[in-house]
Each structure stands twice: as C-alpha cells, then as structure tokens.
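Take a look at the structures listed below.
Next come two complexes built around subunit A: one with subunit B, the other with subunit C.
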Partner chain A sequence: MIKDDFPYFRNNNIVYLDSASTTQKPQIVLDSIMEYYTHYCSNTHRGSYNHGDKTTTKFEESRNYIKEFIGGRPKDTLIFTKGVTEGINLVANSYVKNNFKSVIISSLEHHSNITPWHMQGRTLGNGLEVIGYNKDLTIDLNHLEDLLKKNRDSFLSITHISNAFGILHPIKEIIDLSRKYNAKILIDGAQAANKLKLDMSWLQPDFYTFSAHKCYGPTGVGALYVNSSIINDLTPYQTGGAVIDRVSYKQSTYLPAPLKFEAGTQNIAGVIGFKKGVEYIKSVGFNNIKENEKKLIKIIYSEFNKIDGVTVWGDTHNMGNISFNVDGITPIDLGILLDKQKIAVRAGHHCAMPIMESLGIDGTLRISLGVYSNESDIQLFFSGLIKAIKILRG
Partner chain B sequence: MISERIEKIRQDLEFFEEDIDKYEYIVDLGRRLNILEDELKDDSLLIHGCTSKVWLLPSLVDGKIIIKADSNSVIVKGLVSILVYIFSGIEPLDIINFNVKDLEVLNLTEIISPTRQNGLFHMINRILEYAALWRL
Partner chain C sequence: MSLYKETLMKHFRNPEHKFELENFSKKQDGVNPSCGDNITLYTKINNSIIEDISYTGNGCAISMASADIMCEVLKNRDNGVNISLDFTSMLNGEDINFTNELEVLNVFKEMQNYPARKSCALLPWKTLTTLLNS
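Up next is the complex of A and B:
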C-alpha cells in the first residue's frame, strides 16, 4: 500500500486531498535529508575535503538525474531554484525584461506567472496579453494564434496544468504554434512534473520550471530547465558567493551556467531530497499514477452527479485537480466542516484571482490527488461533503 | 469580564464531544448574529481573508467599545459572533490588557491561527488597534 511509504499517514488519520498545494514526503526523501545533515553535512563546490567532495558529487548527481527525469539533453542546463516562483522570476529578470515587447500568458495562470510581469510595468494590453478560454476552461487556441500574429517575437509564459482547475494545456501544440511566430516559451510545470512523463528533447521549450515539493520532495527547492539554444542569452539577476570566477574592485566575471545562476549556498539537503522525490515517482511509475487518477476522477464525477447544486469547473479530463462550488455555500464553510471531519482540501482562489473574477466567483473548493490517494479517500470525502452541505443548508 | 465571557463560551463548546457537532452549533450562532446592514458594508470596514470577508464596525459608546460585524461565510459569522460576545461592551483598556493567547482555551483554530484564510485573526488585531486608539 503506497500510503505506508509516507510517515505522514502513519502519524495522521487524515484524508489528504491537497496534493496540488504540496505532496506528502515518502520516507526515502526524509532519510536522504537526514543522512546529509547527520553524516556528511558540508558545502558544495568549495571544500577540498572528503565530505565537501561527497556533497558536491551528490548535488551534481541530483542535477543530472532530475534533468534526465524530464528528458533534458546533456547539453541543456538545469538551474536549481527555490521553486517555480523563483524560476519564473529568474527568467523574467535574466532574460525577458529588456528583450521582449510583449509577454503572453493564459487565463489560468497562478499569481506567480502574473505578478512578475506586473513588476516590469506590464499591464493588460501594455506589454502583457492574456489568452482567452473556452466554456470548459480549455485554452482558446485561435485567440492564442491571433495574439502571436499581432505580437511577433513575443514571450509566451504558460502553465502546463492549471493549479486551480486541473486543466491540461495542449503544450506541444502551443509550443509548435508559438514557434511559427518566433515566440520564446516558458512552461510552468508545477502541477505536471509529478504526473506526466516529460520529454524536453521532444517538447523543446525554451524554459520549463517545476518545484520539488509537488514531486514528493522537500519545500524550498525547484528547478529551471533551460534549452541549450538560449542559455548564453541569460544574464544573472542576482549575484554573490558561488557564482564568481574572478573578482577585483574593478570587475567580476562569472562561472559558467548553471553555477552563475545559483548565488549563495544552495538548499543542499533540498536538492538531494528532490532527487529522491523524483526517484519515488519513477518507482511508482507514470502509468500507475495515470491509471489511479483516471479511476478516481471517474468516481469523483459520478459522485458529484448525485449532489444537487454542484458546479464542477473545467472539462471532464481534469488532471488530478478538481474544483467545484455548491450553490449558496461559501467554499470556506465547506472547507472548515470537512477539516472537522479530518478531510484536508483547499478552499479559496488558489492564487488564481483573475480567473475566479472572470468566472464571477470568489473561490472554489479544490480536491487534488497524489500517488497515495485511493477510493477510500474519495468515499470518505463525499460522505463528509454531504454531511457538511446538510449542516450548512440547515 | 473578558475572562468570564471566554469561560462561558468554553463551557458551551465543551458540551460537544465531536468537532463537527461543535461547528454545527457555531453555524447556528452565525445565523443568529445581529448582522450589519448591507449599506454599512463598505470596503473601509472590510477585513480581507483568502476566501471569506469580515466586516467590522467598532464604535465607542459611553467609554465602551461596541462591535457590530458580519461575514459572507456562515461559520466565520458564527466565530465572529463569539468574538463580538467576548469583546463588545468592554472598555478599551481592558481589551489592551487582554492577552490574545487566552483565546486558545476555546480550541478554535480558525480564531488563533494567523492564516490569511478567514480574516478572524486580523479581526482581533483590528479590535486591539481600535482599543489602543480609544484608550481613555
């Protein structure tokens, strides 16, 4: 049973349906972090002693393993970050800032793919364009093509899977379309890297960014894949220790990528745990993850059909995240009453306020699945939901 | 006075063995809260939470803070009604001298957690700010 791999479930009798926020951590991830701190704790790329060398080796092994995990080619670059948010901010500042007149995003973006563009003074119609969506929240590809035509040589920054609604964007089609109009493209893979077998050598985006903590790894660490065709066009936007080749009072010169983008001591334990997180995903297997989600989502839709006044957002092909509202009841009321029944779900705007506003709602209740989610979780969730609705409807 | 009111609420809540039953009671409290009139619910009174809104209208009457409040969430409204019961009609100095940690005995995590979610934590802070402003 997969839950047995996770100490969280040994310590808590909770139905955890908030994996889109963060996944639980398997024992092997925790062990790797503890082993680093208790057996060979030292800094990377500096120490000329045994443990320093071992730490550097482990750190770089993680880099290579994670790059391979997403199908990156040896010549491509993987930069460690704090997570997707830092990945997007790095690209915004190191690459996009002075080089692109227009940035195009989708309607389903997380705030982390909206606010970095505002910080550059871009607003809707003034350096920032937003792709429309269809009734089922899927992307309006015709509108995307219109925007690309009107804004040639633009920068497209788009989520792979929507965090709020679980909508899967047809990312290969979007990349191919963007190339026709000479756009560069960044993909936010926060919700995708833990459930889709990625292949950067086939997708060929310019950037792909994702977070460890949504891949069963630790918080505070993530990765930014950079296509080899573009890496030399990036300039570091922060500097300090560990990125410098030579410094004098007159000037400084940088180490080659990726090191020049990793200023200061990195989250070493996090990087080591990150590798174990993706190893865990591989050990479960993408097919098993897909089949389990498919089976559970089918049950979820069938159960929702039995409850009056429920709106489930999106198409019926949601990837692990399902958002819904119940007529006349605020999401937080449901969230609190589910919590009191030991069911953890997310109530709110899910850091996606513009699309909530566009749909005319303050927020939704979102259930999101992980590798450990099972039929029992779903049945307990629905019995809890029905009880909560009964109380709230009086 | 505040301590006695907290103790009264604690005893009421202690009656329920299961959390879900306790919150059903809180839902009922919310339904009974003397709500703010719609025309008073402007943005200046709004305390933003992630998913619920709380409107807070404190005033100083005869040296005591009188609180009117409302929320768009039934449960938050119930929790707000508890806070109104505890703090309304109290002199500002007594509120300033009150230790917020004393609310922990109620075991209502939504009130004491500094979460952005429901605005209750910020409501308490706002009451404390008004008490400091109106300190006699």
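Up next is the complex of A and C:
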C-alpha cells in the first residue's frame, strides 16, 4: 500500500486531500536529507576535502537527474530556486523586465504569476494582458491568438495545470501559437510535474518551473528549466557568494550558468531530497498515477451528483484538483467541519483571487489528490461532507 | 464539533433579524477582508437607545449567527458599545460571563480556542461599534 511509504500516514489517521498545496513526503526523501546532515554535511563547490566533493557530486547529480526527469536536453540549463514563486520572479527580473512591452497570462493563474508583473508596473491593458476563459474554465485559444497578434514579440507566462480548478492547459498548442507570433514563453508546472510525464525536448518552452514540495520532496526548493537558445540572454538579478568568477573593487565577473543564478549557499539538503522525490514519482509510475486519479475523479464526480446544491467548477477532464461550492454555505464552514472529522481539504481563494472574483465567488472548497489517495479517502470525504452539510443546513 | 453548537446553527439556519429594516436611521457596512464575510447593519436609534436593529450580509455560519444573536440581545438597549467591548474581551480570553438576557453570548466563549475564527464572530460587533461611534 502506497500510504505505508509515508511516515505522515503512520503518525496520523487523517484523510489528506490537499496535495495540490503540498504533498506528503516518502521515507526515502526524509532518509536522504537525514543522511546528508548526519553523514557528509558540507558546502558545495568549495571544499578541498572529501565530504565537500561528495556534497558537490550529490548536488550536481540531482541537477542532472531532475533535468532528465523533465526530458531536458543536456545543453539546456536547470537552475535551482526556492520554488515556482522564485522561478517566476527570477525570469521576470533577469529576462523580461526591460525587454518586453507586453506580458500575457491566463485567467487561471496563481498570484505568483500575477504579482511579479505588477511589481514591474504592469497593469491590465498597460503591459499586462489576460486571456479569457470558456464556460467550463478552459482557455479561450482564439482570444490568446488575438492577444498574440496584437502584441507581437510578447512574453507569455502561463500555468500548465490550474492550482484552483485542476484545468489542464493544452500547453503544446499554446507553445506553438506563441512561436507563430514570436512570443517567449514560461510555463508554471507546479501542479503538473508530479503527474505528467514531461518532455522539454518535445515541448521546447523557453522556461519551465516547478517545486520540489509538490513532487513529494522537501519545501523551499524548486527548479527553473531554461532553454539553451536563450540562457545567454539572462542576467542574474541577485548576486553574492558562489556565483562569482572574479571580484575586484572595480568589477565582478560571473561563473557560467547555472551557477551564476544560484547566489549564496543553496538548500543542499532540499536539492538532494528533491531528487529522491522525483525518483519516487518514477518508481510509482506515471501510468499508475494517471489511472488512480482517473478512477478517483470518476467516483468524485458521481458522488457530487448525489448531493443537492453543489456546483463543481471546471471541465470534466480534471487533473485531480476539484473545486466546488455548496449553495448557502461558505467553504470555510465546511472546511472546519471536515477538519473536525480528520479530513484535510483547502477552503478559500487558493491564491487565485482574480478568477474567484470573475466567477462571483469568494472562494471554493478544493480537494486534491496525491499518489497515496484511494477510494477509502474519497468515501470518508463524502460521508464527512454530507454530515457537515447536515449540521449547517439542519 | 463544539464550535458549531446547536444555538449558533439555529440562528444561522433560521435567522430572525436578517432583513433590511424599514425607516432605519443609521446604516453601516462591515467586511472581513481575510475571508470576504460582509454585513450591513440597520438601526433605529432614539436618545441613544437602539429601538430596532437588523442586518443583511453573506458569510460563514459563525459570522451570520453572531450577527443574528447580536441583533436579538441589543434591541431596546443603550449600552451597545460596552457590550461590544466585553464581547471582544471574552473572545480574547478574559474571564467574562454574560448574565440575564445577554447570557446567550456565552456560547461564543468556545471561540477563544479558534483564533482564526474570532474575526468571524467579531465582525457584527465591530460594525456596530463603528456605527455607534459615527
């Protein structure tokens, strides 16, 4: 049973349905972090001693493994970051800032792909454009093409799978469209990297960013893939130790990428754990992950149909993040009453306030699946939900 | 599920004071920015006495039940601000026990254990304080 791989489930009798927020960590991830701290703790790229070399080797092995995991080519670059938020901020500051008149985003973006653009003084219609959506929350590709036509040479920054609604964007089609109008493109893969077999050599975006903690790895670490065709156009937006070739009082020169983008001591334990997280995904297998989610989503949609007054948002091709509202009841009340029954779900706007406002709601209740989610979790969730609704409706 | 006591649920499910008062003399909007709960209070005040009070709004069970109970206990009273202060202190952990017609307010004592939900229970009272001080 997959749950046995996760100490969290040994220590808690909880139905955990908030994996879109963060996934639980398997024992192999925790062991790798503990081993680093207890057996060879040292810094990277500097030591003149055995453990320093070992740490550097492990760190770079992680880089290569994770790059391969997403189908990156050897000539492409993988930069370690704190996560998707830092990945987008890095691109915004090191590449987009003064080089692009327009940034285009979708309606389903997380705040982390909205506010970095506001920080550059871009507002709707003034350096920032937002792609419309269809009734089922899928992207309006005609509108995207209109925007790309009107804003040639723009920068498109878009999520692969919506965190709030689980909508999968047709990312290959979007990349191809962006190329037609000479746009550069960043993809936020926070919700995708743990469930889709990615192939950067086929997709060929300019940037792809994702976080370890949603890939069964530790918090505070992530990766930014950069296509080899543009890596030399990026300038570091922060500097310090570990990125420097030579420094004099007159000037500094930087190490080559990716090191020049990784200022200061990195989250070494995190990077080592990150590799183990994606190894774990591979060991479970993308097909198994897909089949399990497909089966559970079918049950979820069918169970929702049995409850009066429920609005389930998004299309029927959901990728495992299912958001819903119950008439006359706020998500927070349901979230708390589910928590009392040891069922962990997410209530609120899911860091996607603009789309919530556009739908005329303050937020939703979201259930999201992980590799360990099973039919029993879903049954317990629905019996808990029905009980919570009964308490609130009387 | 002690937070969701039957007394609260009764007021949430079947509110008695959730409507717009006719010929109100003062009205005040209140919002809880963290969760979006919102309320509008309507009052008829004569010589500092709240002769009538009602509310409209949208929000969680706790905020709506709190508004309904507040309207119930404040009718024909002139010390709304003081009750509001005591209610806030009770939620902040002070040993306050309401008696007589105000006894129902003790049901919110439990909220001391749910810091994230205090603002829900306090929304109508904060809105009332703004209204009475304006």
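Here is the rule we go by: the second predicted complex is superposed on the first by the 394 of 394 C-alpha atoms of A that agree within 3 Å, B and C clash if a C-alpha of one lies under 4 Å from a C-alpha of the other, contacts with A are read in each partner's own complex, and residues count from 1 in each chain.
In the analysis below, a residue touches a chain if its C-beta (ideal position, glycine included) is under 8 Å from a C-beta of that chain, and two chains touch if they have at least 3 such contacts.
As the structure is a prediction and not an experimental result, all values here were calculated from the model.
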Is the arrangement of subunit B and subunit C around the shared subunit A a clash or a fit after superposition? clash
Contacts of A:391 with subunit B and subunit C, given as first, second, both or neither: both
Look at A:333 in the shared chain and tell me whether it touches subunit B only, subunit C only, both, or neither; answer first, second, both or neither. both
First, second, both or neither for A:115, with subunit B first and subunit C second: neither
After lining up the shared chain so the two structures overlap, which partner does A:363 touch, if you call subunit B first and subunit C second: first, second, both or neither? both
Partner with the higher number of touched subunit A residues, subunit C or subunit B: B
Where on subunit A do subunit B and subunit C both make contact? 329-330, 332-333, 336-337, 340, 348, 362-363, 391-392, 394
Can you list the subunit A residues touching subunit B in their complex? 329-333, 335-337, 340-341, 347-349, 362-363, 387, 391-392, 394
Seen from subunit B, its contact residues with subunit A in the complex are 18-20, 22-24, 27, 31, 49-52, 72-76, 110, 117-118
So, in the complex, the side of subunit C touching subunit A is made of residues 1, 3-4, 9-10, 12-14, 35-37, 58-62, 117, 120
Mind pulling up the subunit A residues that touch subunit C in the complex? 329-330, 332-333, 336-337, 340, 348, 362-363, 391-394
